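In what follows, structures are represented as structure tokens.
You will see subunit A twice below: alongside subunit B first, and alongside subunit C after that.
Coming up: the complex of A and B.
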């Protein structure tokens, strides 16, 4: 009994302390840290959303950029028509609806085909919107309303907390078990009475909601958006890499991966602006080659080995 | 005459598509690497052809024989060092496929940024045989015909190599049934490396040919990767003949869209891609 009690109590206390710390940081830390935390929040949301669906099922989705871009364009189109919180929710909703469509279209596609389908999807959408903007609207990009850093910070913090809660609830519920059994053996999952299609589509759409909301708020710090920045293929691959980097099996792994990866990337960007992408590429390959079970795997190994000494 | 314009124009681009898709298909079909950095090898070929032509005056058609082997060796080594190792640590093929896709994304960054550092971000182009010729009433530059001619010859040569030679047969055996191929004495690791190398070689050749008609820059690669993916799915994953045919078909469709609604080609390609995946995921020639 006590064991179970502690299992819930300490992580909860720990999370609340971190949350309080994050909530008061902007008042004390210099502006640079707020924007660093903004990127950390963004990548954590991307990674956790991605991994909630893709981790247990084993499907590799390479379309996070599309959901993020849909959110960004929602803000760009709505402009000042709605108050900011509603714009952010609309961004999420647009992304949710889009993900429903994608889910419906890709039901029959599995394995490597799913990865190709989703990669092509975000690129295809980019080309379509690019054509639409030039041909129908007339203009390459759009001006976007701006919000100050503190507003973005707190909005992102709320989105992050909501993403983590969503992911936690999904993993703890029947859905989580259903997703895992789909990952083990999809045919068998269907045979034991899981509505495989419904579970896949709904999870995919729900996790995409927060990616869209993130896009909708993060774009307000750029002032201007076009298809190249909004649908950058980089955003499609990073969640996958960050989750693998941290450890694909655990929610801690995803968060750890996203945080460490973003900090390293930011450091590289400020220290070596010209070689940043190059080093990034080398990092990706090294992680996949030398840390097959991620940072969590390395930590567990260290922990297992230490008592014997 | 519009019809001729569309068809011939389509075949001219289709030849290139066929070549780059055949390379991509070989890398996936045998080595099981869904190589997202395929377009970067096309870029390397194009950049190399430019750098050999503009300062040194080396004819791009001569460059074909220089660039191809160099890219083959480089990518063979990449396969040895990176993908072989990854295959050992991955275990199951599905895990390897997923991870090799991500590794090739890392490769994309490395190659693109080395090229950016060496070359700069700008678009550059050169003119090569721009004189117009009249082809059954439709007018095209000679360079595009040369490109088509070379693409067809290279594509056919490669196809014959796969069908007729002993090595080609070993490659096809490795693609069909890995364990069976090993049982009859095919060195499977060697085949994987060779096919990865051949894929890059074909990409490089396509790149050299592209440089004679379009401008060249370090960031030109990714759209070609996407086209390769679409063509390969259209023709059937693992089916080389399907890729050659699929390339020509996609070229004609692209040319049709270009004549009716320019700028929408990629979006139309994508719709087609989605339809194929949904209706006939094995591709038009798939068994």
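Coming up: the complex of A and C.
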């Protein structure tokens, strides 16, 4: 029995231990670590959500910033009206609905055109909201309700767990196979009975839900939001880089990429504020150049070469 | 009994008529060959039947239902599957996963995953790949990639299977094996409509042959009739036998 289940049992036990550790950290560690973990959670959610759809299909979406921004503006608008958990879910829902629209408009386009189109939509939405705020509402940005760090931390932890579960379930379901087959040979996928457009649009929207939810909670630590901070294209490019950095093939790669990337960026920023971007750039290029399958590729290679295996 | 019927099927690509008012029909249980020189419109006809393209004119019906404007996945759900001239396998998935994907999307909702998996395994065994199930599709030989494609198409439980040059590029032993496989498919009560250039294969197993030339149907009949038709020999077989000898 144990032999049959050990493949599931140990990763599960390991995950539960990490989860327990993460759940009790705020009580023991200084506030700095809580906020670092918050960043890690946010980037992991962004990367895993992005890669669940874009990894297998090869459709490179550059619109994560828009989903995050939609979530932030949901909080800015509903902040006073609803309790926090409902605001967070509304942020997710708003992001889901916006992703459905993006999907309907763009998923028939492929390759580089899809990437450019999604980037354009994201920027378009930013300018539209900017115009709306100035012309209709009158004002550049909005004040946002604030939540304390512990609330943000635990909300982010729940969103992270939900994101990982969502990704895991999609990848194991028949939709996971459909996404991979679409990435390989979209025409053949359609000819074995897969409604490729429906699969693409629905999974794209589902994976965007938790990005919106993240935006809705993260914004409560900023007090103020405007379109420049909410729709920063940086958030559209980082998930792509982090997933490639960690290894685009597996969920472990995405998580590893997001965690290591965030920690290194943080360390470099505090230790070498002037050369941060330069060193970081060289590191990313080296990993991608020498290990096209990312950090996971490095680990697998080390494991293969070690004599104990 | 009629399973597939096309009436005055035409397809234009810009000013070029790839197919011109082609009438055809396939009976249930038949193996029908589709031959013709390069550019005759054979693959275009398959693309129209499977929904990859829409005809400019004409009506295609499958089991009495008009499928002319349906999308590929809708046509597949009605039990019409195909393979591709240039294999379109999912190359970074294993042979098993390729077939499983097809089986997953044709299984009724609620079918246990283990049933779908054993179904995929049986199909791999049926096409003679039970020893290669865990190999990535891209690492298989061309012949085995084609077997994967046939198994994946069979996984959608078709009543009519379109095979687009399934033995092209194979060596004589492999050709013989594929002829046997197509016979086994026919024995499963699956109707087969196949494009082929390899005359040995098509003459051997077809009940009936349709000949296309420059987008028009120029002949139709039993393999013997086609082989002795003067017009067919002139436009097609004559050149082909010279080329092969």
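Rule of thumb we're sticking to: the second predicted complex is superposed on the first by the 287 of 309 C-alpha atoms of A that agree within 3 Å, B and C clash if a C-alpha of one lies under 4 Å from a C-alpha of the other, contacts with A are read in each partner's own complex, and residues count from 1 in each chain.
Everything below uses one rule, namely that contacts are C-beta pairs under 8 Å (C-beta built on N, C-alpha and C of every residue); 3 or more make two chains touch, one makes a residue touch a chain.
What you are looking at is a predicted structure, and each value in this text was computed from that prediction instead of being measured.
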{"item": "Larger contact residue set on subunit A - subunit B or subunit C", "value": "B"}
{"item": "Touching partner for A:178 - first (subunit B), second (subunit C), both, neither", "value": "second"}
{"item": "Partner chain(s) touched by A:130 [first = subunit B, second = subunit C, both, neither]", "value": "first"}
{"item": "Contacts of A:192 with subunit B and subunit C, given as first, second, both or neither", "value": "second"}
{"item": "Which superposed partner A:79 touches (first subunit B, second subunit C, both, neither)", "value": "neither"}
{"item": "First, second, both or neither for A:31, with subunit B first and subunit C second", "value": "neither"}
{"item": "Subunit A residues touching subunit B - in the complex, by the definition given at the top", "value": "58, 60, 105-106, 108-109, 111-113, 115-117, 119-121, 123-124, 127-128, 130-131, 134-135, 233, 237, 240-241, 244, 274-275, 277-278, 280-285, 288-289, 292"}
{"item": "Contact set on subunit A toward subunit C in their complex", "value": "174, 177-178, 180-181, 184-185, 187-196"}
{"item": "Subunit B residues within the subunit A interface of the complex", "value": "28, 34, 36, 82, 85-86, 89-90, 94, 97-99, 101-103, 105-110, 112-114, 116-117, 222-223, 226, 229-230, 233, 261, 263-267, 269-271, 273-274, 277-278, 281"}
{"item": "Subunit C to subunit A touching residues, read off their complex", "value": "50, 52, 71-73, 76-77, 81-82, 84, 88-93, 97, 100-102, 104-106, 152-153, 155-156"}
